[in-house]
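In the two complexes below, chain A is the common chain; its partner is chain B in one and chain C in the other.
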Partner chain A sequence: MTRAALLVLADGRFPAGGHAHSGGAEAAVRAGRITDAASLESFCRGRLHTSGVVAACVAAAAALGVDPGQLDRAADARTPSPALRVAARRLGRQLMRAARATWPSPELDALASRFPKGAHQPVVLGLAARAAGLGPLDAAYCSLYEGVSGPATAVVRLLGLDPFDATGVLARLSDDMDRVAQEAVETGERVVTDGVDVLPARSAPLLEIGAEAHAAWAVRLFAS
Partner chain B sequence: MDRVRTAPGGVRASARVLARGDGRGGTVLPVLEGDGPLAVRRTRGSGAEARVMLVGAMSGPLGGDHFTVTARAADGARLSVGSAAATLALPGQDKAGARYDVRLGVDEDAELNWLPEQLISADGSDLRVTTSVDVASGARLLLREEQVLGRAGEEPGRLTSRLTVRIDGRCVLDQELACGPGAPGGWDGPAGLAGHRAVGQLVVVRPGFATGPPAARVFEEGAAVLPLAGPAALVTAVAPDALRLRRLLDGALASLD
Partner chain C sequence: MHLDHHLESSAAVSADARRPDGTRRALRIGLGGPVGSGKTATVAALCRALREELSLAVVTNDIYTREDAEFLLREAVLPPERISAVETGACPHTAIRDDISANLEAVEDLEDEVGPLDLVLVESGGDNLTATFSRGLVDAQVFVIDVAGGDDIPRKGGPGVATADLLIVNKTDLAPYVGSDLARMAADAKAARGELPVILQSLRSEDGVREVADWVRERIAAWTA
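The block that comes next holds the complex of A and B.
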């Protein structure tokens, strides 16, 4: 276990393409549902406890060595929006390239040849964490943090929100992230023994609907 | 009535429906039974279809109750199940939450239309719903679920509803909605419901979707047609109230034809 590797993987500058995605924030801003720091916080909290917790559990399970194919199918079933499935696989493919170059590993090579068009990003993240010598808790934290820091950064650009306010939102989500990361590890351990059906399936209706609306726009700042 | 048990927690009740094709183009119901607050009645169907109504759901579930409904369309059956009224989740004297489990099965060559009225989550109630559907390849399914958060002008209760659909044993949809007091943070925020008080889903499974899936699209802003990773589509919708939700779902369904 190396703490420095966790910083490398969690760094927003890690070249995995995440900066091009707003995590649904662009659609929510356009719909007038995110207008300030308070509504951004509510958006991020909702995301954290729905698609965020699902992704963190998948990442933790992958870091524990659960079969990536099964995890990928479980992620598909928990992602009804095709636009979000496409985004998750695109992000998975980009993370795969960065991770293989950074922490070469036979497991990442095998995953890349099994999913040439990309596996769901949390599956790749879990295996990248393994390759970096990190554990399931690290994978869960990376997944959760990325799931809220992406929208927060995007809203700074979309609304001209004060970056100090956006960072304050992330700090106020810390307790929730700590709790959910622990839950994700416990769930990941249950997946090892009981299979992928024990993964949570919490969903956020407006993230799904907004993602499809966003995918149909002719001009947009972010890919998703 | 022998399966009704009023344990300290509340009422346990179940209903079971089994439909089979009769080999002459019609549908028979070899099993049609319910107990306590869950009664089932055959009503007039049209053509090859058998139509069943869940009756008396207005009486619950209350806190501590556990209801189970099982329905299966087998051997070329055409089964349509509705309910006589909305289901109203109410607080019970018992502090424990209530459970409502629905288990559905559709065999190859059979068709199930599962179209109950709304589930209304009244202030102070605490209900956990699970709906699990097993569809064989070649079968057809239309399933509708509508959740209404509170009666008119009322705060909602706590509601958790999980919907799982398997086709040929493979899970194509697993999603859970959690809302109301005590639900994980942000459920009513910009990512969740954003103040909408009615939310609904349609699941449509048709063999033809394997080769010609419907296009993903947004329908009147509050609804989206979402082709799943399998021969199935989900329509998900949010609306200010039950009436507008039903209109959105009906419109989105019509657009699939």
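The block that comes next holds the complex of A and C.
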């Protein structure tokens, strides 16, 4: 097990396209649901315990070697918004490119052949973790951390929020992330034995609705 | 980072000169520079000058709208399927330098969908004087400044002015009106760039993009040689 590889994969500078996405924060800022550090924290906590849990479970299962095709379909079924499905596949494709260049592996090559336009990002993340010599817990942590650090960074740009306050929000979410990461690994292990139907299907309707509205805006800073 | 790794499947990783099917990919030229310096106008003029002789496509990187892509569509410089817009999340330089994945995908999708292509022009969103393209994304880069932005820009230098494969000083027709000294700009650019070429152009004049189009033709000839 390598700890340094986890830092490489989890680094916000890892060139996998995340910088152009706000994780729903741009739509929430426009709707007045994020106005300051406290509301950013509520938004991130909500994301963590809904779509974040699902993504982390998918990533952990992929890292355990569950068939990516089945996981991709399961992720589709748990993502009602077409705009979010498009964003998840686009980010998956970008991560696939970065991961293949960084940790060449036959599994990632096979994934690229099967999904040339991208699989859901958490599926790719789990396989990238495997290629990097990391385990399901690492994959779950990466997924969860991206899921909240993306919105936090975006809100710094969108609202001019103090970057120290935004980083404080991430620190206060650490305990939640620890608990959800453990839960994701346990779920991932159950997927290995019982199949993808045991994946949770939690969702946040406002994230889905906001994503659909956001995708139709003529002027926006972020792709999603 | 580019590793020597055999890729059996679709999708090249980055700068490989060959596409997965073994054919040579299009030459990619990036155009960057400050907001309003004339990047989109130069791209439009290049498309008009070269579209009869080359198979062309354009990727635009708009900062918060699709205006540049829409301008090119409205001007009908190329059929719409040959123009693709990338969204950059408030950081145009990140999308052309630090994290080029979205742009690479746009380029590769254009080659897949409307190819074979000879040339893809990748236009950056308007940025500052430090913006440069990654060599993993483009084979050559053009930096576009204009006389109205201040005639001290070549002297100030910076990575775009000093290192781009071609520096364009645009809107020379405006020089008398904004008090810019073209001779001084040319001399400062020469001092900052050494042997690298500088072209002063005005797209208001007949065939104003000719010199830049000739430079592109030379790059194409070298790429396909």
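Note that the second predicted complex is superposed on the first by the 224 of 224 C-alpha atoms of A that agree within 3 Å, B and C clash if a C-alpha of one lies under 4 Å from a C-alpha of the other, contacts with A are read in each partner's own complex, and residues count from 1 in each chain.
Assume contacts are C-beta pairs under 8 Å (C-beta built on N, C-alpha and C of every residue); 3 or more make two chains touch, one makes a residue touch a chain.
As the structure is a computational prediction, the values presented were derived from the model and not from experiment.
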item	value
Partner chain(s) touched by A:220 [first = chain B, second = chain C, both, neither]	second
Which superposed partner A:65 touches (first chain B, second chain C, both, neither)	neither
Partner chain(s) touched by A:76 [first = chain B, second = chain C, both, neither]	first
More chain A residues in contact - chain B or chain C	B
Partner chain in contact with A:135 - chain B first, chain C second, else both or neither	neither
Touching partner for A:43 - first (chain B), second (chain C), both, neither	first
Chain B versus chain C as contact partner of A:168, first or second or both or neither	neither
Set of chain A residues, in rising order, touched by both chain B and chain C	none
Chain B residues touching chain A - in the complex, by the definition given at the top	162, 164, 170-178, 184-187, 189-194, 196, 199, 216-218, 221-224, 226-229, 234, 236-238
Of all residues in chain C, those that touch chain A in their complex	1-3, 5, 7-11, 13-14, 63-66, 87-91, 94-95, 98-102, 104-105
Residues of chain A defined as touching chain B within the complex	24, 28, 31, 33-34, 39, 42-50, 53, 73-74, 76-78, 80-83, 85, 176, 197, 199-209, 212-213, 215-216
Chain C partner contacts - residues on chain A that touch it in the complex	13, 15-22, 90, 93-94, 96-98, 100-102, 104, 109-110, 112-113, 116, 154, 157, 218-223
